[in-house]
Structure formats: structure tokens, C-alpha cells
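Report on one structure; see the data block that follows.
In this document, chain identifiers A, B, C and D correspond to the written order of the chains, with residue numbering beginning at 1 in each.
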Amino acid sequence: MRLSSSAVRLIIPAASLAVLLAAVFYMQPRAMSYTGLNLLFNLAVPIALATIAQMLIMSVNDLDLSMGAFVSFCACVAATFLQTSPAIGVLIFLGAIAVYAGIGVVIHLRQLPSIVVTLGMSFVWGGLAVLLLPSPGGAAPGWVRWLMTVKPPLVPMAIVASVIIAAVTHYVVMRSSFGVLIRGVGGNNRSVERAGWSVVGIRAAAYALAGLFAVLAGIALVGLTTAADANIALRYTLLSIAGVILGGGEFVGGRVSPIGAVIGALTLTLAGSFLSFMRISPDWQIGAQGAILIVVLALRLFLNRVEKREKNR
Amino acid sequence: ETADKKIALSNNYAGNSWRQAMLTSWDKITKDAVSQGIVAAADPFTTAENQATEQAAQIQNLILQGYDAIVINAASPTALNGAVKEACDAGIVVVSFDGIVTEPCAWRIAVDFKAMGESQIEYLAEKMPDGGNLLEIRGLAGVSVDDEIHAGIQAGVEKHPQFKIAGSVNGDWAQDVAQRAVAGILPSLPEIKAVVTQGGDGYGAAQAFAAADRPIPTIVMGNREDELRWWKEQKDANGYETMSVSIAPGVSTLAFWVAQQILDGQDVKKELVVPFLRIDQDNLEANLETTEAGGVANVEYSLEDAQKVIDAAM
Amino acid sequence: MTALTAKPWVWSFAAAILVWVITVLFTGGSSSVGLSQATLTFAAFSVIVGIGQMFVITLGPGNIDLSVPATMTLSGTLALKVMDVQDSMIALGLLIAILVGVAIGIGNYALIKLLRIPPIIATLSMSFIVQSCAIWTNRGLRIKPPETLSDFTTSYSFGVPNVALVALVLSLAAWFLLEKTTYGRWISAIGQSSFAARMAGIPVDGTRFITYVLCAVLAAVAGYLLASFSGGAALNMGAEYLLMSIAVVVIGGTAVAGGNSNVPGIWGASLFMFLVVSMLNTYGFGAGVRLILTGLIIIAVILAAGGRRVAR
Amino acid sequence: MNDRVPKQEVVAARDVKVAFGAVKALDGATLVIQSGECVGLVGHNGAGKSTIVNVINGGLTPQEGAITYGGASADQGITAARASGVRCVFQELSLCPNLTIAENARVMLSDLKGAGWRRRGLALVTRQLAEIFPGHSIDCESVVEDLTIAERQMVEIAISFAAVDARPKLVILDEPTSSLDAGLAAQLMAYVRRFVETGGSVLLISHILGEILSTSDRIVVMKDGKVVADRPAVDFNTRRLVETMGSVVREQGWQRSARTKTGAPVLSVPPLPGASIRLEAFSGEIIGLAGLGGHGQTEALLDLYLAANGNWWPAAEPKMAFVAGDRGLNGTFSLWSILKNLSISSLKGLSNRSVIDTDREKKVSESWRKRIEIRTPDMHNPILSLSGGNQQKVLFARALATTAKIVLMDDPMRGVDVGTKQEVYEILRAEAASGRTFIWYSTEMDEIRLCDRVYVFRDGAIAAELVGDDITEAGVLAASFAGGEAA
């Protein structure tokens, strides 16, 4: 059997997730239930959305260091304006998405390193969030809260949402023409340009779409936590990058996988739980988080090896 | 009877001496409690980074693990409400302290941070009735404790208009950050009579004043041993006067006992208040003596202490 | 003039000077000496960690060291613990700090090379482990530095802070390494294309390994100095320097895509980063506005400096 | 030939001037292409061929002169060019490696859209590939990065010729055969003829003059940014073409070294399992690696090189140097000057205890510049300011400047003009005479014939060894195909 490289990119993260899940079930059989799964995974939903956003940026060979600050900002907007005057909230979100597109344009036109621009933007979003919510508070709009806590039959919301996110983004990024162009820019932006496309437009669109997913991440997060604060999601910057990598994406070359990214986000969330089931001395709890990241990624290497042997046969 | 009950500590941060002292106190008191068979387990859990989302996930895991009570020092008063609600729904007792949560189903062991801020100005007003310029060192922007202490300080300044906040910086409760920020603003400031702080940054401020060759103002301290020791040195050398105030890390043990009492079926009010730990000119030496080198001035609570606090609130 | 504006580091210096002038204007000039000294002092720490980070970033896309803060914490904690306030132990303390750096560098590269973990995640994981080690060794207790060391780090020679002089010496060494030695050529070549570098006969793994070790050692030295400077190691003392080390490198004009680096820019950017916060504090902006302006100013500097560069 | 179709002007670039700083890449060049003709474009490296291609393609706006599409003065730019049916296969491969073949077709053909584009694109490319390269073995569902260089080039060519709604009017091929072996190149040339005979036009750029002469209707010769000749192909033969380009035709005074297999081998590699011939090399030999493209020659060179050069510690005495053929991918360092690019492999000799002696570096590189005539006013100019052929010379100099006894060459003459090639051959001969060993993979038969000894590769292993007068096109071809037995 010959596996396509995109299929391989998926097998590895999926296998890591399965192994980790098996370990968690083994240690805590109670997790193997509707509520158990929901508790394990519901906080993965906003992370998955942020990971998708980061993945879109990475698919055009850029990196967004402002992801965490931006999701925090969106969470603050969702907990304030979106709740009190939805129209203004939506307008702010549209504006933020437009700013994202604008960042894409500036980065492209001035040939700037995305890392620096987004580093600068992370201060800006952080400042806006602090202005919006100088101390934690706000409240999730009712419909958001409902959406994030609804209990569909058979499968918990966290799983349903993850599947929907994966399916939609897989279609957009891997199947649609638009996705092809975005990944094309990541793979060889010169050839896309020479074929007559506007690369700046494509990049702007990729950034805007990333902005949209980050906005969704902020809203979903507030739905889960019921309120926001200015620092609520700062960790999402690194988490989202780690999620993309765990999911088989690469920093350059437009090699990304949306399904993998969602799986990566789930894996990261699960890794945290796995640890708290292990009862480690507090001194080493932080270190264990590092160790588990290492183990999960080493697993990736191991499966890669196995897969290579397969392919060579 | 709580011999078969399990209590967990969910802690959002371990990266400073205050938190380490808090964990040590927890360890000391709960180990005894477990060995005496008062509770079955009292496990501490710490997240890697000071993030509400990570702590929310941690709480959800603790629910899954079947703890009977969760004691929380929260990263955010509101962002954990979703997870706390789920814990309550699962029949788990949730007690929050220091960083409290606003979810109504949880118990709160609160420190009146606003009063803590205000007390600094009260002290200064008494000491220097003429007032003067103040430098305010704030904590981490966007965090409620920072906002509350700041509000207290502002209220104090309004009440005593002879004081004026001439400069304000964010020290993120980290002494090197505070030192850096103060050093940057100091050259542009007029004469400063006093520095109001939020804890953990007083020594950094003193260093910055010394480095800039400026007269050392009255710096309100935050109960850290190095601050107290520096104060003592100054006091011995030139009679330096100030005060020190902070919340005692041992409050985690109070939270533990409160959780135990609730599990035991006692009627406990949802809102409990603990006094902050204040050190003054006269009890400086005594406190310095009991404070571990490099640590934080501390008070640990016994079951009886806790019962007193609970009864007082009734 | 055009030759000057073509140098990417010019912009960070221009920005630093501009911000300095604006800050000093607030007091009508009387704060100029004090501000300059404070700036040099604190920029020195950013410079030291920035240089290490610059070497790593030069290695090409994806290369970054996120374990800098944890390394600073562990080296500071351990060194101060070993020195135990005794002046006679200062050299041993420094040695310990350097060894900590070496060990962490080796660990980082082992993860990157043996387990093929992307550097950003490898060093992040490593930083968690290192942070745990720091907690474990001392549980966050602050031990004071030896008197002499503490005096040295907080005092001045010829009006210049001693730590700035240390940073200057290290910068000169880094500049020499980068511009004049084969090692400098090698990392630049690897940054442009590691495969081409391999085919040109460069020992790619060896060079990358040394670079990660170098970065960790510089972070460790910075941690040692910072702990001595601020009167003891704190568990969170490196936190500031995660974003800072990256920011000073990129604002200073080093190409993030690798292969192109410069030392003077790190100085410009370090001075700038300190001065921006001081300026905004001086003018009394609140935290929110201050953050927003910091971000916008960084972007403005990049816009002014960027676009003239050849490659992304 | 095709008198029935009235000739129409497809594109015309008149009196075009393009300057990059002081370099006049185009200095008043005129190129008009009619429908139904194949125009051959030749010229030395840096003559301005690729530049005029970029002008026609709309990617570069000339400082002076006019571009018209279809006879009418209309819009300019890439979009206008594409709308007028101009397609271009660039010299450096320009597919997106991370996309599948069908997705690349989507990127390159903007009218491939609407529901089912994936399926239609796949069918289109499959059909086109079969038409141009009958018998090829490309899996059309693969991702481009899984293909060999030759296969990528084939795919790019096929996509460029493919017709979604309207078929292309003009296809520009900038050195399309540089990574194709002779068989594939012949198939392509045959297809170009068919395409032209049905009314399409082709602009063909190549340094392989045989191709140009046999395929073009008209040949345009460029020199230093100017068109120096524009005449029907029948007016030219190889000799006249080379003379018009300005190179002196040298006689093939090549003496095979008599020293074949003398002394102890400097290199000896046991055969792969399943093969029987050892790869050996002796001092002073020029060894050719031949066979069809993509049969493991490059891999063999890489294996040799990587095994000899440590990755952890700098070698005290480098054993081998490598000249890359795919210079964009593994040759040049694009941020650097020519000087740094040249000296990178020989820094050890140019430094004292790792400190580089810049004067010595400058002197040595200056001497190489003279010796192999790198066309640049200043070695401190960026490497990218050189034309492709001159960049290739820098890579040669880089390898030759080392002290390595063995030089591995991975089809290094790709896209090097005839004159330059002759110069390089001579340098090779001189170096070999002084005891260096060259192991040379080449896709060009002419170059294989220059070698002292040849290993023919088939399916990743050595299938035959040819020595001396046995090295003939027929011999190599016979050994290249399964079942064929060499002498």
C-alpha cells in the first residue's frame, strides 16, 4: 500500500492521541464516559480553533506570536460588548479581522518578518484587552454559554465541535481552490505569483481567515469560562504552535494538516490531564509537562521511522 | 467524619517565593492531617504557567479523579467559573482563597485587598502629615488583585489629598521587573517621599533608589525576608521606619481546614475574611526571626484557628 | 549616508535615541545622566541574552531558544546557592553557572537532534524541566549574592555600569566570532540553507550544537549577573527575557529567516526596549495604553527598517 | 509548412531596455513571435535571455520599449500576458512542492475552476503527460515533492501546454531539457513540433544547440542584451551558431588520461546488494556516471560525499568537494557576496586558528575570478547579481579551491553556455593532470564522452563499466536499458 504524504501526516498525530487516550483511560476508567470525555476535551475546543488560526498563518510561511494576546482580546470583547450590545461586538470583531488582513498585507508588501510584526501586535492586543477589562469580569452571552455547554445525545459537545472544526477546515484548506492557493503561497510563492495570482490578496485572505478562527476561539473560550480577563489565553501562542507541529504541520513550505492540527490540540489538552492523573510531586509537576511534550513528540519520531520503513518496502 | 474524604489543591503558579511558601505550608499541615487520619488525601496540583485556561482544565481533571473537595488559588476570579460550576454540579466542595473565584457555589476565603492598599496610605498619612509625592508599583495588569490594591491606594490618596501619585509602574510582582521599571522612571521623577507597593517588589525599589543615588523614601514592604532584612539593616543604621503588609502564604492551610469542616458537615458561610499579615516597626525583629532565610513571613493555621475564623463569620 | 541607512541596525539606534530625547525632555534634561545609566544597566542583560538568541536565530527558520528564562533562573539559583554569600566562591559560582548553561545547551540539542523535535517545542519542554530543577534545588528561597559580586554588578566604572561593560566585552567577542571567524561564516551559511552548507563541507550538526550551547551559556551568565545585581535569584526572574531576547534580536535587524545577523543592532534594540517602557511610564500612561504604544512603536521601527532588507 | 494558417503576431517586445543598476540586462532587444512558429533563443550566460522572457511574461516592466500582445497595444503585466495565452516554463522549477499535481494545475491554470476541478485537472494533466511523454511512469496523484527533478520538469511542461478552455497561444520554455535525459528531451522536441504545426508558438531557450537547430523554425541569437542575429534556422549550423554567440569554437583536442587505474585507488565502494561492480577511483582520473536520468547517480554521489564528510567535527583535511547541479536548492548562499560563496569551502586554508585572513581570501578568490572568468566587476557583489551560468562557475571555483583530492560533480553544467563549458573542461583537465580525481554525473552525452572511465547506472546500481574507446553513445545507451549488455 502506498500512503500519500498527507495521510502519513495524519496517522502519526492520530496514533499519539490514541496512545495517550488509552493511558488516561487505563489510569482513570471514569474518564471513559460521556461526562468524562466532555471534561477531558471541552477546553480543547478553543485551543483547536486557535491552532487552526495559527496553522493558516503557518501555511503561508509566517508565524503569529500574537495569537494568545489576540484570543484574549477577543474573549474580552465577547464577554463585554458581544454580551451587552451584540451589534457593536460583531463590528469590533469584523474590525479585528480586517486588522489581521491588514497585517498580512503589510508583511507582504514591506517584506517584513511576520514574527516581529506579530510580536508588536501582541502588545497592542494585550493593551486593548487591558483597557477593555482592567480587572477580570464580563459575562458570556447566553447563546455562547448554551452552545458550549449543550449536551447532544451520544457524543459530548467537545467531540462534536472538534469533528466539525476538523471537517470544515479540512474542506477549506485541503480541498477548496482557496486552500490550494494559500498552501501554494507557502510552497512556492513565486510560482503562484507568476501564474497571475495576487499573492498579497491571498496572504491577506489567509490572515483574515486566521483572524476569524481566532475570534471564534475567543468566543468559545468565554463560553466555557463564563467570563474573561485580559491574560486569559496568553498561553495559546505557544500551544497553538505546538498543536500545529504535533499535528504534522511544518514551519515552512505550506505543509499543514487541519485535521492533524485539531488532533494536536486535543493531544496537548489530554497531555495535561494525563499528568494530573499521575500524582507527581509539586516540584516536578512543571517539569513533567515538558517531559510529556517530549514523549509525545518522540512518539512522532518513532512512528515516522516505522512509516518510513513501510514506505521503503 | 472526613477520614475517607480526599481534598485537592489546585494551584495556578509556583514561580515565586510566596507560592513556594504556600505549598510548603500546605505540605506540612496536610501531611499531619493525613497521617492522623483526618482526611484520606490532600494532594497539591500546580499548573506550569499562570494561565486560567490551564487551571480550568486541571480542575476538570480533579473532578474526574473523584476528589470530594477542591481548594483553589485561582488564576482569575471569573475565568474558572465554568469549571468551578461543573465541580459544584458534581457535588464537590470548592473553596477558593487568595485568588478567589466569583462563582456563587464556591466558598471564598478573601483578603480585603482594597483595605490592604488603603492601609498603606493611612500609615503614610500618620507618619508624614505633610504628604508628598508617591511612587506606586503595581502588579500585573489585568489581574484582579492588582486592580483591587490599586483601588485601595487610590481611595487612600483621595482621602488624604496631601499625597500625590507622581509615577506608577507595573512591577508584575517580580522584583527584577520592579527594579527595572523603577530604574527607568526614577530619573524623571521629582523627590519621592514614599513608595507604595503590592508585595514582593520593595527590595527591588530600594535597590533602584540606591543605584540612582537618590534618598531612600519610605518604602512599604511586602513581608519578604530580604525586604525585612534590608529594613532591619536600615533601621539599625539610621532608624529607618516603614511598614510591611501582605497576605500570609499559610492561608492555604486555612482553606484546607475550611474545606475539611465543610466536608464534615459544618455550616460555614460562603464568604470568609482573613486579616492580612502586617509587620510594623516594633514587631519587625520578632517576625524576622520566624521567617525562613529567603522566604516570606508566614502564619500557618491549625484546626482550632480555622474554627475560630469560621465562627467569627457566623 | 545611503550606506548608513542600509545598515539594519541604524534604525534601532535611531529609535532609541529619539525615545531617549523624548523621555529626557520631560524633565527638561535633568534626568539625562540618570536615565542613561539606568538604560545601560538594564540593556546589558538584554544584550547578553540577545546575543545568544541571535546566534540561534541565525541558524535559520524555526531555530529559537525558549529555554532562556528557565536557564537564567536555574543558573542564578544554583550559583548563589553554591556561593552561599562567600566572596571566595565567586569564581566557582560563575563556573557553576556556565556548567548549567552547557548542560542545558546539550540537553536542548539532544532533543532537537536525537528526537527530531522542532527547536521551538524542544526548548520549551526543556525550559519546563529546568524550571522544575530550579524549584527543586531551592524552593524559591532568595539567597543573597556575595558582597563583592553584588557591589561589582551594581557599581560603575568611569560612569558606565559594570554590567554594561561586561555586556560590551561579550558583544565584541560575539562580533568577532561572527564577522571574523569560520564559525561565524558557518552559522550564516547554515541559516541560508543547511543542506547547501552540508554540501559545502560544513560540519552542520557540530556547528548547530555549539550554537545552542553558546546561547544557553550566555543566558546562564546573564542569570548569574542578574541574580547578583538584584540581590538574589527569584524563580520568575527570567520571565521578562523570553520575549525580550527575541525582540531585541529581530528589532536589531537580524533576519528572522536566518543567515544574517548583527551585533550592534542588539544594543540599539535593547536600549530602545528599555527606553520605550521608561518613556511611557514617565509620561504616566496606564498599563493598557502603554502596551498598545509599545507595540505600535515596535511595528513603526520595523516598518522604517524593513523592506530595505533583501530576504525575509 | 503551415501556410494554411495565416501568421499572426502573438507577442512582440520592441526595443526593450532593462537595467539592473549598472548592468544592462537588455539593451534595446527586439523579439517578435508569430503564431505557428518555434523560435529558438540562444546566447551566452547573462546575454539577457531570461530577462526578455520575464519581460514577455509580464513579470518585469522594461524601462524602455513596448510589449504588445496579439498585435494590439493592450494591458501589461502578468495577468495581461496570461490572458493573451502566454505561458512560461521557467528555468528554475516553479511548481509548489507541497501540492499535488492536480493542485499545481489549479494554481497554474486559473481557468481550471468550478466544481470538480480536482478531477478535471487530474485528467487534464494525465492526458497531456501521456501526449508529450508517452510511456512515462509518473503517478499523477502524487504530491510534487515525491517526484524526481526530471519528473517535476515534465509535469510543469505538461501543465503549461494543457488547455482548459482555450489552448495556450505561446509557450515559453527556458532551458526545459536541462534535467531531462536524451530520450525525454527528444519526446519533448517532437511534441513542440506537433504543437507548432497545429498553430501554436513556442519560444525555446537552450544551451544544447542540437535541440535548437533541429526544433526551431527561426533562431534568435542574443549577446550582451542585444539581438545579434534573427534568421531562419536553416541558415545556421552548430559552428555558425557558436560563432554568432561570440564564442570561439575549440577543437576537441581532448586527450584521455593514460593513467586510468594506476596506483592504489583513492576511493573504493563495494557494490550494492544485487549489483556486482565496485565503484573505484584512481588519482588523476575523470570518471563519468552515466545512464538515464534519475537512476541513482545523484544519490550515489550524495552517499559518497556524506560518508566522507563528518557532520559533527570539521575535517582536518577535506577528502571530497561537491559541485551541485541544482544550485538554487543546494548550491549558492543567496544572502552572500560572490566572494563569500566562493571561499566557504576553503576557509580552513584561508584562516589562522579559525580567524579568517580576509586579504588572503580576497586574493585567492580574485585569482579564481580571473582563472574561470566570472563575469562581475566586483567579487563583493551579491551572488544573485550573476546570471545562472556564472553562479555555476562560482560553485566550480568553490570546489576547486579546496584541497580535496576528489571532486564530485552532480550534473554541474546544467544551463552553462558552450563557451563557458569549454573553459571549464580545460580547467578539469589541468586539475586532473595534477592528480585530482573527478567523479562526474552528466546528462549530456558529449560530456560523458570526455571521461576516462564511465559507470553506467541502472535502477540505482552500477550496471556497466566502460573504459576508453568503449565510451560511446551506443555503449552507454545499451547499458542503460535493462537487458542491454556493455562490452
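Quick notes
Throughout what follows, a residue touches a chain if its C-beta (ideal position, glycine included) is under 8 Å from a C-beta of that chain, and two chains touch if they have at least 3 such contacts.
Which chain is which protein? Per UniProt: A, C = ABC transporter permease; D = ABC transporter ATP-binding protein.
Because the structure is predicted, anything quoted here is derived from the model rather than measured.
Farthest from subunit B in terms of Cα centroid separation is D. A straight line joining the Cα centres of subunit B and subunit D is 71 Å long.
As a whole-number value, the distance joining the C-alpha centres of subunit A (ABC transporter permease) and subunit C (ABC transporter permease) reads 29 Å. Note on chain placement: the centre of subunit A (ABC transporter permease) and the centre of subunit B lie 34 Å apart, centres being C-alpha means. Centre-to-centre separation of subunit A (ABC transporter permease) and subunit D, using mean CA positions: 43 Å.
For subunit C (ABC transporter permease), residues touching at least two other chains, in rising order: 128, 131, 135, 139, 255, 286-288, 290-291. Along subunit B, residues 14, 48, 141-142 each make contact with two or more other chains.
Screening every pair of chains for touch gives A-B, A-C, A-D, B-C, C-D. For subunit A (ABC transporter permease) in complex with subunit B, the touching residues are 28, 30-31, 36, 39-40, 42-43, 46-47, 129-130, 133-138, 221, 224-236, 269, 272-273, 276-277, 279, 282, 285-286, 289-290. Across the interface of their complex, subunit A (ABC transporter permease) is touched by residues 61-62, 66, 111, 115-118, 120-122, 124-133, 135-136, 139, 243, 246-247, 250-251, 255-257, 286-299, 302-303, 306-307, 309, 312 of subunit C (ABC transporter permease). Interface of subunit C (ABC transporter permease) with subunit B (complex): residues 23-24, 26-27, 31-35, 37-39, 41-42, 128, 131, 135, 138-144, 154, 226, 230-232, 234-237, 239-240, 274-275, 277-278, 281-282, 284, 286-288, 290-291. Against subunit A (ABC transporter permease), in their complex, subunit B makes its touches with residues 11, 14, 23, 27, 43-54, 56-58, 60-66, 76-83, 85-86, 102-103, 140-144, 146-148. Listing the residues of subunit A (ABC transporter permease) that touch subunit D in their complex gives 4-6, 175, 177, 180-181, 183-184, 186-188, 190-197, 253-255.
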